[in-house]
Structures are given as C-alpha cells and as structure tokens.
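Can you read through this structure? Questions will come right after.
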Amino acid sequence: MSIEKLKARLELEMDSLQQSENLFKVLEEGFADKRLYGIFLTETFHYTFHNSRNQAMVAARRDTMNINYMKYCLKHAGEEAGHEMMAFHDLKNLGFEAKVEDLPKPLKTTQALIAYLYYVAEYGNPVARLGYSFWAERSYEYIQPILKLLSEGLDVGKKSMTFFNEHSEIDVQHAIDVENAISKYAKTEQDWKDIEDCMVNSLLLTTRMMDEVLDEFVKVKEDKDSRYKFLS
Amino acid sequence: MSIEKLKARLELEMDSLQQSENLFKVLEEGFADKRLYGIFLTETFHYTFHNSRNQAMVAARRDTMNINYMKYCLKHAGEEAGHEMMAFHDLKNLGFEAKVEDLPKPLKTTQALIAYLYYVAEYGNPVARLGYSFWAERSYEYIQPILKLLSEGLDVGKKSMTFFNEHSEIDVQHAIDVENAISKYAKTEQDWKDIEDCMVNSLLLTTRMMDEVLDEFVKVKEDKDSRYKFLS
Amino acid sequence: MSIEKLKARLELEMDSLQQSENLFKVLEEGFADKRLYGIFLTETFHYTFHNSRNQAMVAARRDTMNINYMKYCLKHAGEEAGHEMMAFHDLKNLGFEAKVEDLPKPLKTTQALIAYLYYVAEYGNPVARLGYSFWAERSYEYIQPILKLLSEGLDVGKKSMTFFNEHSEIDVQHAIDVENAISKYAKTEQDWKDIEDCMVNSLLLTTRMMDEVLDEFVKVKEDKDSRYKFLS
Amino acid sequence: MSIEKLKARLELEMDSLQQSENLFKVLEEGFADKRLYGIFLTETFHYTFHNSRNQAMVAARRDTMNINYMKYCLKHAGEEAGHEMMAFHDLKNLGFEAKVEDLPKPLKTTQALIAYLYYVAEYGNPVARLGYSFWAERSYEYIQPILKLLSEGLDVGKKSMTFFNEHSEIDVQHAIDVENAISKYAKTEQDWKDIEDCMVNSLLLTTRMMDEVLDEFVKVKEDKDSRYKFLS
C-alpha cells in the first residue's frame, strides 16, 4: 500500500459520509444554533481528553519495539495533552456556564469512539493508531467548510472557535509528520492494512458521534432532554 | 515534607544499604571480574527496557489530571526511550557475543523491581513514580565510586561504560528537573509520603537485584549455572 | 429505575431496530444463503471469544468491591468460557473448512463492539456490564424468529445451530439470574442509568455488526471481496 | 520437570527460609504478642484482597487460550473472593477496633508482593501463577507450627484464627487441585520453569513481608511508629 492509496480511500469514505451527513446537511441548509455547537464542543471535549492518553498508551506497551516510533508517540502525546481545554474554553466563550466536572457524560457514540481508540492503542497492531492521526490531522480540509457554515450561521466569532482554528494551523505540520511516520513505521502489508482499518473505523465512529450530536440537539430544541441542561 | 527531608531519608537509606552491600564490599576488596559486570549489565538492560514504558503509563492513566505533569512524564519518557541499548552495547564492548533476543530472562529480583514500577505507575498515586526518578537520577553520586572500583579492577575502559557514564552526565540536569517536578506536583502530605515510599521501595528492590547479581556471579564462577552461559 | 423500565426501554429499542433492520428484512423476504449465515457465525465467534474475558475483567478490577457481585461475575464468566467454539463448530457443520487461526479478523463493527465491552468492564461503572447481559441473555426472544427464517430458508439443520439453540435454552435461566443480579447490585439511580446505557449501546453496536455482516455478504455474493474466501 | 521436583525445590527453599526466618525464631523463643499477630493479620488482609483479583486477571487475558484452564482460574478466583474479610474479622476478634477503610496502607514489602502477582497474572506466562498457588495452598504444612507457637504464646483462641484454620482445611483439597492443574496445563519445560520461578519469587516476597512485619512490631513496641496506632 502507499500514502496515496490511503488518501484515496479516505476521500472515498469522506464522500460517502458527506452524502449521508445529517449534521453537514443541516448546516448547509443555513440552519445554525449555538446549542448545536455547544453539544458538539462538549463531545469534542470528551474524546479529546483521551487522545493524548491513548497515544501515550502505545508507547507504554511492552511490544512497541521500535524506539523511534516510541519517541514519535510520546512527542505527539505531549503536543496533544490538554487540548480538551480549548474545546472547554470555546464552550465558555459561547456564553455557557459550566464547570468541567459538571459537563454531561459522553454520549454513547462518543464512548464507543473512546473505547475503540484505547482498544487499538493497547491491543491492536502498535502502528495502527497512525490511521486515526492520518485523518484527524487532515480533518481541517473537511471541517473548514463546516466551520464556515457554523460561523456564518451563528454569531460566535473566533474566540469560540479556537479548538478548530488552532487545530487547523497546528495540524498542517502534524499531517506531514503523520505521513512521514506512516511511511517510516509501516513495514508490512499487514501494517498498512491495520492503519487503513483504524482510519476507516475511527472516522465512522466519529461520524456516528456527529449524528448523535444532531439527535441530541433536536431533543434539546424540543425541550425533551435534560442531559445538556446547562445549554438552555 | 520537603526536598531536604527526602534527601535526608535517601542518605539514611543509602548508608544503611552500603553497610550491608555485598556487591560494593566485593568490589572494595579489589575483586572484579568481567562476568560480574556482564551480569550487572544484563539486568540493567532488562529493567531499563521498562523505565520509559512505565513512565509513559503514568501519562496514559485517566486519573493523571494535571496537564503539565502529563507533559513532564511524556518528555521524560521520551528521553529515557531506548536507553537499554546502551547497556546492551556496553555488554558487547566487553567482548560478549549475544543477541538481544538471546539474553537470559530477568532475574527474579529484577522482575520484582519491574513489576513494582508498573504497579506504582498504573495503580499508585500518579505522582509517586517521581520517588523512583528522585534517587535514580541522583544515583551517580553513589554509583561513581562503584564504577571507579569496577573500572580499576577490570580493564574495561570507557567504551563499556557508556550506560553509566552517559547517565551520570545527563542525570545532573535530570536530577534538578525531578526536584523541580516534585516541588511543583506534590501538593499534599500524602503525595510526599507516596513519593517517599516509592523512593525507598524501588531503591530496596534495586539493592536486592544487585545482591542476586552477585549470587549469580558466584554460580557462574563455580560453573554451576547455565543462565548466563554466553558469559563463559 | 426498575427491571420493568429496563424491559420497556429494551422493547422500544428492539422495535426501532427491527424496523430498520436490513438483515431481518432480507431474511423475511425469504432470502437465505449459507454464506450469509457463515459470515454471521464468524463474527459471532469473534465477539463471543471476548465475552467470558471481559466478564472476568470486572472481577479483576480493584474497585469492584461487592464480594457477592465478584462471585456472580466469576461464575458467569466460567459459564461463558469457550462458547465461541460452538459458533466455530456450527460453521464447520455448515460445510465450511477453516481452522480457528485462519478465520478472517473481526469486521470493524465487531471490533467496535469488542472494544466497547472491554472499556465498560475495565473503566466503566463496575455494574454497567449487567446491561449487556440483560439483553444478550434475552436475545433469544428476538433471535428465535430470525433463526426460524434462517433455518427454513437454508437447509442447515440443527447441527449448525447449536450456538443459538443452546444459548436459547441456557439463557432462560441466565435471564432470570441477570434480573436478580441487577435488582441486587444496582444500588443507586446512577447504577441503573449506567446499566441502561450499556444495554442500549451494546445492542446498537451489535446491530451495526449485523448490518456490516449483510454488507459483507453482498460483497461475497458479487465476488468482490476476499475476506471470507473460505466461504466460496 | 515434575510435581516431585517442584516439591523438592519448595522444601529446599522453605528450609533455607526457616533458618533465616526472624519471625519464626522470635516465636520459637516463646515470645508472642497480640500486636505482632495484629500486624501480620493487617498485611494478610491486604495481599489477600488481591488474590482473587489477580487470579481472575489470568482468565481475562486475551492470550490465555486453554478453555479448561480459564475455567479453573475462574472457579479458583470465586473460591478466594472475599477471604480478606476472614483476616479482618480475626483482627477484630483479637480486640482491635478498626474499620476496613481505616487500616494502614500495605507495607512496602506487601506492595512488592501484590505488584509481582499482578505482573505475573497480566504479563507473565499464563500458567505461571500456578506456582504461587502451589506453595500457598500447601503453606499450612509450614504455617501450622507457627500457628501453634502463636496460639500457645498468645491467648487468642480459635475465634481469631479463622483465616489460617479455615485455609488449612480448605487448602488440603486445593493443594490437590493445584497439583492436578499443574500436571494438566504445564505442557512445556518453559511452562514448568515459569511456574517454579513464580513459586520461588512469591515465596521470597512473602518472607520479606514477614520480616518487615517483625520490624514494624519492634517499632510499635518501642512506641516509635504511628502506622499501626489502632493496635495500641
């Protein structure tokens, strides 16, 4: 396999996701709501809390034997540490009052994403998690249009978009780093295949999270649910 | 508690260990043998293999909540990654032929040390592992005299002493970093106590490893044992 | 909350799933194929391999403090141990030649299910996994009609249906045991809520697995995929 | 290797331990003290709390592949669950007032024992933990004389000796079960060797715990220490 094939597969998946993407469609139709963005940020806070940790887990394994790859994982984990707080601050800058410890627990689809990434990090092929980084660090390509729709529809301004804006800028370099890392540490066809699997699987689980975000927003809007009561 | 009290306790423990220290006494009596140093390096290879990993484990825990402490752990883990290979190269430079995969498994006391450090890293107070770093990064103070005795007795030269020499130089800075980290991240008396416990316990387990190294050497010398047959 | 409310929620979820259930619809339309059943058994083998293990994990946790609950988990884990071999033998009795080690790796949705159950078992509320048992042990109610459709459509006979038949019989008792266990060990509203979350989430992930089973079957039928080549 | 060789090695180790055994000597000299027994019971409470859990961990591993061995581990874990409470009740029957949550934390040697058993259970050869059971279930042979000395010296009576008395009776059957399990599940020379290593190592760590129990008693007696203040 190769980086090019991985990119081709990612584009294929992204296309197919965007066709069915409820959240994207809702935003395209000119609809936006601070509470929708608030729910999105809450879930972003949750999975991001674990990203540095599951990345560190790869280096803590006894069977991650490549020393340079260990160092790559540790460096990357260090760079991601604490990024959940950006999402939290954006939430506060939207005008919502909440303490970290009072946020609602992660949605079930968010839990499934978190669980999967620890599983890959702890028990999968040690290089597989690179598949998650591969699309996550490039996600700004796909997220920028959503962000634009969000910020036009809402009147949120840049101070509530630090998580996504910062990640877009940081991640251009990261995206190159990840490509280099994959080229360097994927040695066998099985390695490439496990990286591709992790890419597709974590992308799918993220999409499902976005679908549930929209479902939850509908409940909030219709006053049906108390999970996100701090948003009302 | 304070750094000073921690140092005082360490000196107390070191004094008491050095009085009973078989390995130290053997070396002081002018006795040295390449095979003794070879066994020491083999066990050093084993526990060092896990040092970066158990350090990373602290950052991978869901309940290590201080982001700066996470970053400290990840940075430190990155600096320690692969240091076991220094011990391995020293072993080869002593003239012993072995592949990494053919080295004898760790001694039972080495296993106990490795097990304890993972236990602390995974289940103990998240800051406790600093107690291990505290004495390990300062160990050159105590190890230099042993090294001197070893190198005078043997004719090994610097090329077989990279692990200990490098660590002496690197670790002056590390020792300061660890003191700063303890001052910064130990917030409660319980934190200080858990750091002290980890310091005393890991030092004791290391001493027992050194005792068993000597026991094993006696067996090798008397041709009783095949564990370290590559040394003969 | 109460057992009754849990049952009501389960029925609600089951209804909504069965409406959208592709696999169920395909079977209802009178369509059946040994290869479809073969893919289903392969994935059943995979997740069942982990059921006893993630159940044992609950008892291995340091924070599962109720001794009777520990014993319940251990007994249940013992009863589930090795059940994956029933699925494997059914596969062989269908006429497919394969060794356990040659089976294709779990599908991405199967991996997500496995990952989630370990996550709940290791890091969730210690009683939460009862929510998985609650629907899994009652699933014969929902699975019997599917089984009937499968066995009528196919000519597979009872010898290829031991996994589902055996589980139907065993599980009547288990279903009662699980209800009793939930009544006994769920002490707080949060406990009930976490049990319900685990029930809904694991059911959803299982449904997604069944959807992907159908997708994979379509690929096999159209000769597009080599993952299940032993079925051709 | 064989059960006989394992027994011979155990006797050799026991002899060598009993010669150096401070606790045993102290008791032999006719000295006994309720507080000594109280410290012993406190540490027994701690390591016993983890015995069922680390036994369950062996069955929770993805690489414990023998289904009968999994069932053996789960059954054994179920039988050991909650035995720490016997030690706790004995402590109360000695006349000491304490709640479980107020007991002093485990001694450093007790921590090293606990850490080692989890390490073997989680990362060692899956059959290795049988080496711990092998000597622990037979320990009544060695412990009965100590118990006799303790109960003659003290006036504690049977109601404070349930942990050791019960284990003596239960463990005759368990000792046979363990021998059978070893004969059945140790397939290779490496399996036998890893079982032997675990036997010797866990016995040694237990002995060190007993030495520290005595050291702590001396401190209590000399009013130096507050760790066990509930004993005064």
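The chains carry the letters A, B, C and D, assigned in the order they are written, with residues numbered from 1 in each.
Operating definition for what follows: a residue touches a chain if its C-beta (ideal position, glycine included) is under 8 Å from a C-beta of that chain, and two chains touch if they have at least 3 such contacts.
All values reported here derive from a predicted model rather than from experimental measurement.
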Set of chains adjacent to chain A and to chain D: B, C
Far-end chain from chain B, centres as C-alpha averages: C
Chain centre separation in whole Å, for chain C relative to chain A (CA means): 28
Distance from the mean Cα position of chain D to that of chain C, given in whole angstrom: 39
Inter-centroid spacing, chain C versus chain B (mean Cα positions, whole Å): 47
Where chain B touches two or more other chains at once, by residue number: 62
Every chain pair meeting the contact rule: A-B, A-C, B-D, C-D
Touching residues on chain C, where the partner in the complex is chain D: 50, 52-54, 56-57, 59-62, 67, 70-71, 74-75, 77-78, 81-82, 85
Partner chain A, residues of chain C touching it in the complex: 108, 111-112, 114-116, 118-120, 197, 200-201, 204-205
